[in-house]
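Structures given as C-alpha cells follow.
You will see chain A twice below: alongside chain B first, and alongside chain C after that.
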Partner chain A sequence: MKELLVELLMEDKTLIHVPFGNGFFDIAKSVVITWIVMAIVIIAVLLLTRDLKVHNISRRQAVLESCVLWLREAIGGMLGEEGAMYSDYMVTVLVFIGVSNMVGLFGVTPPTMDLNVTIALSVMSIILVEAAGIAKKGAKGWLKSFAEPMPVIAPMNVLELVIRPLSLCMRLFGNILGATVIMELIRSVVPIVLPAALSLYFDLFDGAIQAYVFCFLTSLYIKEAVE
Partner chain B sequence: MDLTAIGAAIAAFTGIGAGIGIGIATSKATDAVARQPEADGKIMKLLLLGCALAEATAIYGFVVAIMIILFS
Partner chain C sequence: MLDISFVNIICTILNLLILYFVFKKFLFARVDEIIRQRQAEVDSATDAADKATDEARRTKKEYEEKISLADEEKEQILSDIKKQGYDEYDRIVNDAHRKGEQIITEARHNAKVEAERSKEVYAAELKSMVIEAATKIAATRHSSAEDSELYDKFIREAGALTDDH
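Right after this comes the complex of A and B.
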C-alpha cells in the first residue's frame, strides 16, 4: 500500500528537462498531459466548427448547436441572470476538467491527480468569484459584503476566502486520487475483465460528476457574489 | 509498536458520516421526486450539491489517511 502511494504521489514527476541558465527548468508530467488534453480539445473544436452555415445546416452542426445550447443553459441556470456572462469560462473549465478526468481511460495518469493542477484551477475560480463581486458592487461594496448579513460573522466570511478554494481543490484531487488508488489495487488483485468494468464508473462517471460539481460550486459562489 | 495503519484506519472512518449523509439526502430526493415529478431538475441540482458537500468530509478523511501513511 505504501509503495503504491509513494509511487503515485512522491515519485519524481518531471518529464522534460530544459536547460535554463545554470540549472534546469523542469516540466512536470501533468503539464505535458495537460498540453495533450488541450490539443485534443482544440482539434475537436476546430474540426466540429468547420464550415458552419446559417441555412441548410448539416446533422453535425445541429448536434453541435444543441450541445452548446444545453451546456450554456445548464451553466447559465446555475449562474443566474446577473452572472450569465461568466458562463463561457465555466463551460471551458467544465470541458477541460471533464476531459482531463477521462484521460485515465487510456491508461494515462489524469493531470487532475496532481495537486498543483487542482490548486491552480481553484485559485483561478476564487479570483474569478472575487473579481465578479468587485465588478458588480465596486471595491467599497465588495468590502462591505464581508459584513453581511451581520458584522459579527465577518471573520467567517474572510476565512471563506481560503476555505473555498481549499475545499474545491482537495475535493477534485482527493476524488481522482482515490479512484486511481482503488483502480490500481483492483488491478493488482484481478488483472482482467473487472478493471475494465470498474473503470467505466471511476473514470467516466466519477470524472464527469466531479467536473460538474467543481463548476457547479464555482457558479454558486459567483451567483452569491454578484447578488 | 507501529500504530500507523490503525491511525490511517481511524481517519478512514470519516466515510461513515459521508455515507449516512448521502444516503439520507438521496432518500429525501427520491421522496421529493415521487411527490413532485415536475421539480426533477431543481431537486437533482440540490441533491448533487448536498452530495458534494457531504462527500467532502470523506475526502478529507482520505487525504488525512494518506498523509498519515506517507509522513509517519
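Right after this comes the complex of A and C.
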C-alpha cells in the first residue's frame, strides 16, 4: 500500500523532455493530457455548433442551446448582475475542470491531479477576481476596498489575495488526488465490480462537484469584488 | 506530483486562454447570434401584430363614428320630411279655407243680384198695375164709394203681390 502511494505521488510525470534548460522546459504529462482534453472539447464544440439555424432546429441544436443557456444562467446567478459578463469564462473553466476530472473514467490520470494545473487555474481565478474589482471600482477604489469593512482587517484582506487561490488550488488538487488514491486502494483490494461502481461516484459525481465548487467560489469572489 | 514547474503553469494558463477564446468565438458567439436573430424575429412579429391590432381598433372606431353619423342623418331626414308634411297640410287647409270663403262670397253676391232682379220685376208689375188702375179710374165714372172700393181692391192686390214676395 505504501508503495502504491509512493508510486502515485512520486511518479515521474514528465512526458516530453526538452533537451535544453536542464529540465526547466520539460512538459508534464498533465499538460499533454490537457491538450488532448482540449482537442476533444474543441472538436465537440465545433461539431455541435455546425450550421445552427434560427428555425426548424435539430435536436442537437436544441440540446446545445438549452445547455449553454442553462450553464450561463446558473453561473450568471452566482456572479450576480454586475459580474454577469464573466460568465463565459466561468463556463469555460467549469467545462474544462469537469471534463478533466472525468478522464479518469478512461483510465487516464486527470490533469487536475497535477498541482501545476490547479495552481494555474487558481492564479487565473485570482487575477480575474482582482481585475474585475479594478475594472469596476478603479485602481483607487480597489485599493480602498482592502480597508473594508474597517481598516483594522486590511492585513487579512491582503492575505486573502494568497489564501483564496491557495485554497481553490489545494481543494481541487486534494479532492482529485484523494479520489484517485482511494480508487487505487480499492482496486488493489477488490479488483472487480466495486471499483466500477465507485468510479462512477469518484470520477463523475465528485469530478462534477469539484468543478462546480471551483466555479462557485470564484464566482462568489468576483461577485464580492464587483459589488 | 508535488513539484511545481513554472513552464507547466504557463502552459496550462495558455491552454485555458485558448479554450476560453474557442468557447467564446465558436460556442457563445454562434449560439448568441442565433438567439439574437430569433429574438429579433419575435420582436418584429410582435410589432406587426401590435400594429395590426391598432389598425383594426382605429377602423372600428371610424365605423362606429360613421354609424352614429348615419343615425343623426336619419333623424334629420325624418324631421325634414315631417316638416314638409306639416307645411303641405297647412297649405292645403289654407287653400280650402280660402276657396270656401270665396264660394260663400260668390253665393252672397249671387243672392244679392237675384234679390235686385226680383225687386225690379216686382217694381215693374207694381208700375203696370198702378198704370192699369189709373187707367180704370180715369175711364169710369164713379162715386167716392166706388173709389174707396177700388183703392181697397188695389191695396188687396198689391198686398197679395207683396205677400207673394
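Everything that follows uses one rule, which is that the second predicted complex is superposed on the first by the 219 of 227 C-alpha atoms of A that agree within 3 Å, B and C clash if a C-alpha of one lies under 4 Å from a C-alpha of the other, contacts with A are read in each partner's own complex, and residues count from 1 in each chain.
Rule of thumb we're sticking to: a residue touches a chain if its C-beta (ideal position, glycine included) is under 8 Å from a C-beta of that chain, and two chains touch if they have at least 3 such contacts.
All values derive from a computational prediction rather than experimental measurement.
In the three-chain model built by superposing on chain A, chain B fits alongside chain C with no clash. When the two complexes are overlaid on their common chain A, residue A:I27 makes contact with chain C while staying clear of chain B.
Of the two partner chains placed by the overlay, only chain C lies in contact with A:E65; chain B stays clear of it. Put simply, more of the residues of chain A are touched by C, taking chain B and chain C as the two choices. Of the two partner chains placed by the overlay, neither chain B nor chain C lies in contact with A:G138. Nearest C-alpha atoms belonging to chain B and chain C sit 10 Å apart in the superposition, given in whole angstrom. Once the two complexes are overlaid on chain A, the chain A residues touched by chain B in the first and by chain C in the second are 9-10, 177.
Taken in their complex, chain A has these residues touching chain C: 8-11, 13, 24-28, 30-31, 34-35, 38, 41-42, 45-46, 48-49, 52-54, 61, 64-65, 68-69, 72, 88-89, 91-93, 95-96, 111, 113-117, 119-121, 123-124, 177. Touching chain B in their complex are the following residues of chain A: 1-2, 5-6, 9-10, 78, 167, 170-171, 173-175, 177-178, 209, 212-213, 216-217, 220. In the complex of the two chains, the chain B residues touching chain A come out as 45, 48-49, 52, 55-56, 59-60, 62-63, 66, 69-70. Of all residues in chain C, those touching chain A in their complex are 1-2, 4-13, 15-16, 18-20, 22-24, 26-28, 30-31, 33-35, 37-38, 41.
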